[in-house]
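Since the structure comes first, as structure tokens, the remarks are kept for the end.
Labels run A, B and C following the written order; every chain starts at residue 1.
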Amino acid sequence: MPTVIEGDPATRIEAVNTLSDATPKELGFLANPRYAEQLSTTRAAAVIVDNDVEPPQPMTLLRTAQPYCAVREAVVMIHGFRRHPQWGIHPNATVSPGAKIGKNANIGPYVTVEEGVVIGDGVVLYPGCAIGQSSRLGDDVTLHPNVVIYAESIIGSRVEIHAGTVIGEDGLGYAPDGEKWAKFPHVGRVIIEDDVEIGANCTIDRAMLGNTVLGRGGKFSDLIAIGHGAKIGENAMFVAQVGLAGSVTVGRNVKMGGQAGVIGHVTIGDDANIGAKAGVAHDVDSKEYVLGQPAIKASDAKRVISITQKLPDLKQRVKAIEAELAEMRDSVAPSAAD
Amino acid sequence: MPTVIEGDPATRIEAVNTLSDATPKELGFLANPRYAEQLSTTRAAAVIVDNDVEPPQPMTLLRTAQPYCAVREAVVMIHGFRRHPQWGIHPNATVSPGAKIGKNANIGPYVTVEEGVVIGDGVVLYPGCAIGQSSRLGDDVTLHPNVVIYAESIIGSRVEIHAGTVIGEDGLGYAPDGEKWAKFPHVGRVIIEDDVEIGANCTIDRAMLGNTVLGRGGKFSDLIAIGHGAKIGENAMFVAQVGLAGSVTVGRNVKMGGQAGVIGHVTIGDDANIGAKAGVAHDVDSKEYVLGQPAIKASDAKRVISITQKLPDLKQRVKAIEAELAEMRDSVAPSAAD
Amino acid sequence: MPTVIEGDPATRIEAVNTLSDATPKELGFLANPRYAEQLSTTRAAAVIVDNDVEPPQPMTLLRTAQPYCAVREAVVMIHGFRRHPQWGIHPNATVSPGAKIGKNANIGPYVTVEEGVVIGDGVVLYPGCAIGQSSRLGDDVTLHPNVVIYAESIIGSRVEIHAGTVIGEDGLGYAPDGEKWAKFPHVGRVIIEDDVEIGANCTIDRAMLGNTVLGRGGKFSDLIAIGHGAKIGENAMFVAQVGLAGSVTVGRNVKMGGQAGVIGHVTIGDDANIGAKAGVAHDVDSKEYVLGQPAIKASDAKRVISITQKLPDLKQRVKAIEAELAEMRDSVAPSAAD
């Protein structure tokens, strides 16, 4: 990304930090205009800004069209990614002799790997993970502590799953049997494609039949519930506490805001954007942005919300009209009695 | 369930699958009219349908009044239920000598069973489960990996709990102490009755005093939070991410949609149906179906939602009325000045 | 707290219980008027009540201005707090030789403590906890089973964290890279100050840069998601399933109702009160009480909700007005044609 330095190109940087917390040895950044005022008070040695920012006083700037991407690059360069503990295969792990583990495995204490599991090269399994029978993990998978992978799940390469997330549990599938519920065996699987990252304490139900699929490159935050048989396209971006009921189909590049929910069997098109807390009860077209409960087009939803919040006014206006009409009636009535 | 075969009764079936994914050796099904069009493209060897479906081309059909129940029976017959790994009592489990374990126990690695625990016959404890002091588990209980049972909990027979779920943690109980909060010891318990199934990463608070109860036969999906002292009747069906605050009382056969929530001390009657994302702030009568935030009768809620979404029209109509009245006023006023 | 005994001061009490469940050897209480009717049916030996309650029949009462605080004191006195199992450092725990553990440590089976960790005195780590590299835990910290602390987290003294909660996972931080997402390394930390209690299966994201902070004395229920870089003031009280997006700032003494959510970068003032299920999209002033989605002042929200639920009436009234106007128009029009 093209970056232009204004000021002292010999400025030394030891770390990246926020404008408010940066010390004189650190690089700050302004990627959200909300924090523009902090430019006048920051102690940062230099600041990443976009091409339009005018600093309130002379300061060393790194100008770029996309400051957020630039700060990410700076952090990768200066700080790098997480360095994992090195366990090899820890003596306190329990790996079935029938499991097949790739090269350079790094498997922590109290990990259980069941019979028939196949794991690629360079995998990191943090303490307490449980990998169920006949599951398959690709290369360079990282599972943080206490991740649970149920039997027969398929996890692609470079997948990272944060602590406590559960992959492949049964969904809520029962047939009515009088007032009781008869369990539907869940003989399907979960497939998580390459380069997916999943946050902590999520739950991804296995399909009753067929597959639940999280498409390549999707990014999921924490405490997300994905129902049985849901199929999510590539490059999803789901904020925390999203819930998808069973058999939902989601296209490519779909964003879902925090605490949004989708009822069963709905289809969401490519590039759609689902607002925070939205309740999606109907199919959503490609590229559509929806909001509200039930979710409708965001432009409509915003008008509806704006009018709803002024309903006391509207009611008052109706009351005033009624009063005027009543007066007109009264003023007409006597004359009619003349 | 009476099922009638139309077509070739000698058709061989190796598996059950969805209409879209079924191969010519598999049995498909049509239980949701949403998928009716797939009848013309499915490759399934035969299809379970209801009594009214007219197939678009000749095909082998299994007709029944309740296709969803029939497909469940077929899956049970052909695929059966999960087969657990066989650990016996794994040498890497830590079972207190003061615990009492029934016959045919199947306890995986890294399970901890504390002092005073009593466990029935045929229990399956997956890796990483922790069973707190003096808890009791009935016969044929299955706990998936990393389930946590706090001390003194009571779990009935044939209960199945999915990975990462926590039973019996303290609830949010504090007395104000100036600006601080003084913790209320939670000396109550959780009782989970027979035949309950709970999804992954749920949290069931123990009561402060007395019991939190999940009644017999209830089915709970993932990421559900049940507050301290809540009492839920038999055969509940709760979708993912439902939340019940403390001391809520729920009758028999109650359904709650995904992400629905109930405030504290509310009572919900038998056979009630709480819509997805509903916010229940008042008692709900038996057999009532409620929706919305705050939740009201579904029939009312649907009218309100429909009118709300057309509020821009209503506002426009009020504006037009005001304009007409103003015009009338103007046309009257000059004449009054005559 | 001053308490006055009415009735027999020699009444013997063995336990505290709810009015409905108390036996004749137990102390009941009436702290919520909702349960007042149970006074006439309770079998409790004595009842804690406020100064205004008039019992329906003679009974031994403990009168106090704050019955809820009094019952808490009675429970602490009679029942006390949880007694932990005594493991010392269990032989089935894996403690890095480079970790530093304080006095009287009580560390259960299958706990992993990584390199560089520093732990204070009197800590209790239940089975299956994983403490990442270079984390620091203060004195008298209690972690229930399967809690995960990522590397470099800082946990204050007397912090209690319930089972399955995850502290310090990466947040949802990615820069766009065409249609793909480029991960932002999370080099910040989580700081949990003294006397915080966190429920089960929560997720507290580490900051990308700087710190995510849970202020001293805050109390958090279950399944709560806190985004990267959020900063929460002292004495917070968050009900289950609350979600805070990244970089939210919350003042002191803030209460959030169940399933409430806050979008990123919002500031919430001291002593604010966020209603259950509220969707906070804008800054909230100190002491303000907000409700709704999007959240507005509670007094306004209540009026809006009340009018919204009566929208069918309002629509009917507009229709009646339109009819009357049309009639007036008709009655005027012919006369104009005279």
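As a convention for this text, contacts are C-beta pairs under 8 Å (C-beta built on N, C-alpha and C of every residue); 3 or more make two chains touch, one makes a residue touch a chain.
The structure displayed is predicted, hence computed values, not measured ones.
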Note to self: Same residues or different residues where chain A meets chain B? The copies count as same if more than half of the interface numbers are shared.
What the structure shows: different
Margin query: If I superpose chain B onto chain C using their CA atoms, what angle of rotation comes out, to the nearest 5 degrees?
Written below: 120
Next item on the list: Mind checking the centre-to-centre distance between chain A and chain B? Centres are C-alpha means, answer in whole Å.
Entry: 23
Checklist line | Touching two or more other chains - residues of chain C | finding: 110, 128, 146, 164, 201, 223, 241, 259, 293, 308, 311, 314, 318, 321, 325, 328
Margin query: Give the list of chain C residues in touch with chain B in this complex.
Written below: 15-18, 21, 32, 34, 66, 68-69, 72, 75-76, 79-82, 85, 90, 92, 108-110, 126-128, 144-146, 162-164, 195, 197, 199-201, 217, 219-223, 234-235, 237, 239-241, 252-253, 257-259, 276-277, 293, 305, 308-309, 311-312, 314-315, 318, 321-322, 325, 328
Checklist line | Complex interface listing, chain B residues touching chain C | finding: 94, 110, 112, 114-115, 128, 130, 132-133, 146, 148, 150-151, 164, 166, 169-172, 174-177, 179-187, 201-203, 205, 208-210, 223, 225, 227, 229, 241, 243, 245, 259, 261, 263, 265, 279, 281, 293-294, 296, 300, 303-304, 307-308, 311, 314, 317-318, 321, 324-325, 328
